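Working notes, beginning with the structure itself.
Chains here go by letter, A, B, C, D and E, matching the order in which they are written, and residues are numbered from 1 within each.
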Amino acid sequence: MKRGFTLLALVTALLLSFALYEALIAAPTEQTMGNVQRIFYYHVPSAWTAFVLFLINFVSSIVYLIRRNPKADILALVSAEVGVVFCTVVIVTGPIWARPVWGIWWAPGDIRLTTTLVLWLIYISYLVLRRFSTSGRTPVIAAVVAIFGALDVPLVYFSIWFFRTQHPSPVIGGGGSLDPRMARVLLINWAAFMCLAWLLSWTRYELEVAKRQVEEAQALESLLEGSR
Amino acid sequence: MAEIQLNDYAVTADGVVKQFGRFAALRGVTAHFAAGKLYVILGDNGAGKSTLLRTIAGLAQPTRGTISVLGTTSIKNLRAQIGYMAHPSLLYDEMSGIENLRYFAGLYGVPEARCREAIEAVNLDPDLERLVGQYSQGMRQRMSLARAILNDPKLLLLDEPFSNVDFRSAHEMAALLAKIRDRRETLFVVTHQPGLLQSIADEFVYMEAGKITDRSSKLRTTEQ
Amino acid sequence: MAEIQLNDYAVTADGVVKQFGRFAALRGVTAHFAAGKLYVILGDNGAGKSTLLRTIAGLAQPTRGTISVLGTTSIKNLRAQIGYMAHPSLLYDEMSGIENLRYFAGLYGVPEARCREAIEAVNLDPDLERLVGQYSQGMRQRMSLARAILNDPKLLLLDEPFSNVDFRSAHEMAALLAKIRDRRETLFVVTHQPGLLQSIADEFVYMEAGKITDRSSKLRTTEQ
Amino acid sequence: MSFLEITRATLAKDIRLEWRSKDAINAMLFFALLVVVIFSFAFDPTAEESRRIAGGLIWVAFLFAAVVALNQTWARELRNQVLDAYRVSPAPANPLFLAKAFGNFIFVSVLEAVMTPLFVAFYKLRVLGPAWELIPIALLGTWALVINGTFFAAISLRTRSREIMLPLLLFPISIPALLGMVNATTAVLTGEESARFWIALLMAYDVVFTTASLLMFELVLEAE
Amino acid sequence: MSFLEITRATLAKDIRLEWRSKDAINAMLFFALLVVVIFSFAFDPTAEESRRIAGGLIWVAFLFAAVVALNQTWARELRNQVLDAYRVSPAPANPLFLAKAFGNFIFVSVLEAVMTPLFVAFYKLRVLGPAWELIPIALLGTWALVINGTFFAAISLRTRSREIMLPLLLFPISIPALLGMVNATTAVLTGEESARFWIALLMAYDVVFTTASLLMFELVLEAE
């Protein structure tokens, strides 16, 4: 396992530096937006990565409720945390991009922006709940909230669907016309981000496992001490 | 065969661990308790007595290990046969005693007539219109006991029934427990005043730091 | 002359009535308590023991009647000489013991060094970094006592210091109270476990329904 | 007793208790009134555009009033830990949830019934679209707030800082419902477009979350 | 210790404890964020008219967030009844009040500092009047909310249903202050008129209620 981890770390580092080169230097400059457009290679892959992580959170929450396997719980926690990080990147890069291009920081009522924002809020409240829980069965409660959150997402999507949107339409599979060179850079970046997310989640997973072991040991200690 | 053997025990705990976040309140409790006896559970503050009782009552699930009660591990299906009394009264302060019991009788599907019986059993007046919130502590504890015995439970779990109760009420309650034991029901009583039950108890169970450390049929002399 | 006579009494109550809405918790308490003794206050739940203690501490004003403490009726000016310990701990759960005491020492204008002394007096470790919220009940009660004696009070009021405390801690605390009494301070202790103080107490004060009904230097045999 | 009977008994008990201590209802009504007044001071009601923002104003006011009301949902069951008495009984979990949700629905509806005429008066609202549509919108919207509010209030029972936890969980999840209510109301008020889509959205929301709540409430109730 | 020293020590203690449980601060910040988001969904920011009511929106949002925060003011002192420990000490009452008011001022200011840029971004606000005037308006307005909020939070300690009592007391009294804040802010945002009058009003309000609070806080603290 140690080997696998090192290998993954190596691949991630290589991919990330290659992707950086591709995004900032190799990719063609966009005609109307200029160099600002390069933020695209961070913005979009982050969004996709966050979606994947939230999906993992949803699935592992269901698995936890059925199997009661603590590993599923840790996976749910970790994917939500890392997902929130990537989602934050989207929410920060978006306005940075929007300011020069649209002339505003935020386009209220926009479907993509709003869905992302709500997604971000939901998973933050999920993490807050986990912190504040005093229950002996926090994983169950957290899983329930995760499922509620996931059920909410399509409803949010439809509710905003009604508005017209300022945000660009999907490029992949949406019949959009993206320069194939740009598409290539985009995919390389996405691969790099997915590797990074995997690496982060793995580290966080191991950390959480270790933390729980330590806590159990501490519990024993404090109990023995407390009996005095 | 195994089924029958289990049934001889009112409660069987097997390696029960109960964790609250980073803190383990029960750390591997393994024990068998025969039916029809009165057990007094003793131990320092934080030893895990209340937690053990709540786990037996099915109010808290063990983090690890199993508890089987009256021969089954799915305590949920058995709730009609368990009575539980906690330190708080488990009663609505804004209703009278009989109104409280009527509501709970509904939950147990027990006939309403049973409510009066239960109240009389604890030496209170079923027609008292005063709200439970205006009861004295001793009355409240007794009404709480009435609620716990409403369904004629086979297994009665009492958490510090005498704490903050005055001397007279405490003795009355102890006498009542003796009567219940004599009906061959199983009782678990957590208390810091074991002297009150000295003559009634069948066994004293000592807990320490989330474990059962000792069981004996006599009270240790230091704690009398 | 009257001045001097009053000073011999630590506490004088004269027809004290304390009403909560329509309910009278104290119904005319008249009594004199000499200084330098340990009084144990006993009585059923709701007898008004805690209310009496809070009135003496100046936390509640009597509806009618007067209370004079250490020779004066304006208890407010006397607060530096009173120590009060209630059933709740009166400590911040999120601070360590010494941090708590340091804050209160500031309120009393007592030097910080006194904090360590007080903690050591109750047999705790002043360098313990654990937060009070993580203490066991016994430790918490003792720390609470440390807070009450921080200002070396002439008059120490303790409300159920032993309740929910395990056997060992309770005995340790009783021993500590004996020591304090021997320093000629006046103590009032409300408790339902008078046995713990049997050998130490100077006088047992019995309350019933908001009145003092009896005072004797021996514990009634029924309550031992 | 059957599922429905337990629901009925629990709801009846809640309504009876609520009625007995009318204080809470009166306080909430007064609070609702104050919210409208505060809004009318903050947003000058003479402004021409008020009709277009009235939908938002009304529902935000309802939302804040509802959060305060919903936070009290389980308060009564927590006092004296009566909830545990329900949990040790053989009654299933969902009747309790439904009774609480219905109770909240009635309560919040009453609040809305008080606030709406005030809003109409302050902002001189006239309905330009099909007015009858406001009734399903109000019912569906209120149920959307209440069903998740009741559920998340139960979840916040198991957390620290309970009061603040409820809005933290409820607000993000309620965003589609809020959009539905506000836009449907505005559509009807201005008469510029059809509210059909938004009503359908509210229905979908209600169905999804009512189902989810009923499926998962037992998990929450038992998660100690 | 002197008046100022006790104020400082109490404030330092509160800030230290708040800092120790950063979770609570983070939860409040998240709540503030949610309020802004909810408002932005209820009042479509692209609509021309919602920008004109931005002054009202911002202060109503601040008010709701502040009420939630203010409700926590005394929570820490109530747990374990630490407030009684302050009351039995010889320290005067006002330092406690001032420390709490300053603490709340800092806390609410932080909330506002987080919410304001979000409002600006969502509603594309541009300031047409003298922007620097917004700073005294914010400071005076916040102090107006906080001084009365702290005082009334102390009053609601002595009542049932505490959470709901605070807004019931605070909202009516705050109406002049709210008018001042909203109109001053709108005046500066639109640049159509001078905010001088409203700023003077806020100043008068602050002076009057700060003086009144300091004169009467001791009465509130001792009223048991």
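Things worth noting here:
Definition applied: contacts are C-beta pairs under 8 Å (C-beta built on N, C-alpha and C of every residue); 3 or more make two chains touch, one makes a residue touch a chain.
Only a predicted model underlies this, so the values are computations on that prediction, with no experimental measurement involved.
Note on connectivity: the fewest steps through touching chains from chain C to chain D is 2. Residue numbering at the chain D/chain E interface overlaps substantially, since over half of the positions present are found in both copies. Centre-to-centre, using mean CA coordinates, chain B is 48 Å away from chain E. With centres taken as mean Cα positions, chain E sits 27 Å from chain D.
Note on chain placement: the centre of chain A and the centre of chain D lie 32 Å apart, centres being C-alpha means. In chain E, the residues that touch at least two other chains are 23, 27, 30, 34, 37, 44. Contacts with at least two other chains are made by residues 121, 125, 128, 132, 134, 136-137, 222, 226 of chain A. Listed for chain C are residues 136, each touching two or more other chains. Across the complex, chain A meets chain B through its residues 134, 136-138, 215-216, 218-220, 222-224, 226-227.
Interface residues of chain E facing chain C in the complex, by the touch rule stated above, are 1, 5-6, 9-10, 13, 16-17, 20-21, 76, 79-82, 84-91, 222, 224.
Residue ranges of chain E in contact with chain D, taken from their complex: 23-24, 27-28, 30-31, 34-35, 37-39, 41-44, 47-50, 52-53, 56-57, 59-60, 63-64, 68, 71-72, 160-161, 163-165, 167-168, 171-172, 175, 178-179, 182. Within the complex, the chain B residues that touch chain C are 43-46, 136-138, 160, 163-169, 192-193, 222-223. The touching residues of chain D, counted against chain A in their complex, run 148, 151, 155, 158-161, 165, 168-169, 171-173, 175-176, 179-180, 183, 197, 201, 204-205, 208-209, 212, 216, 219-220, 222-224.
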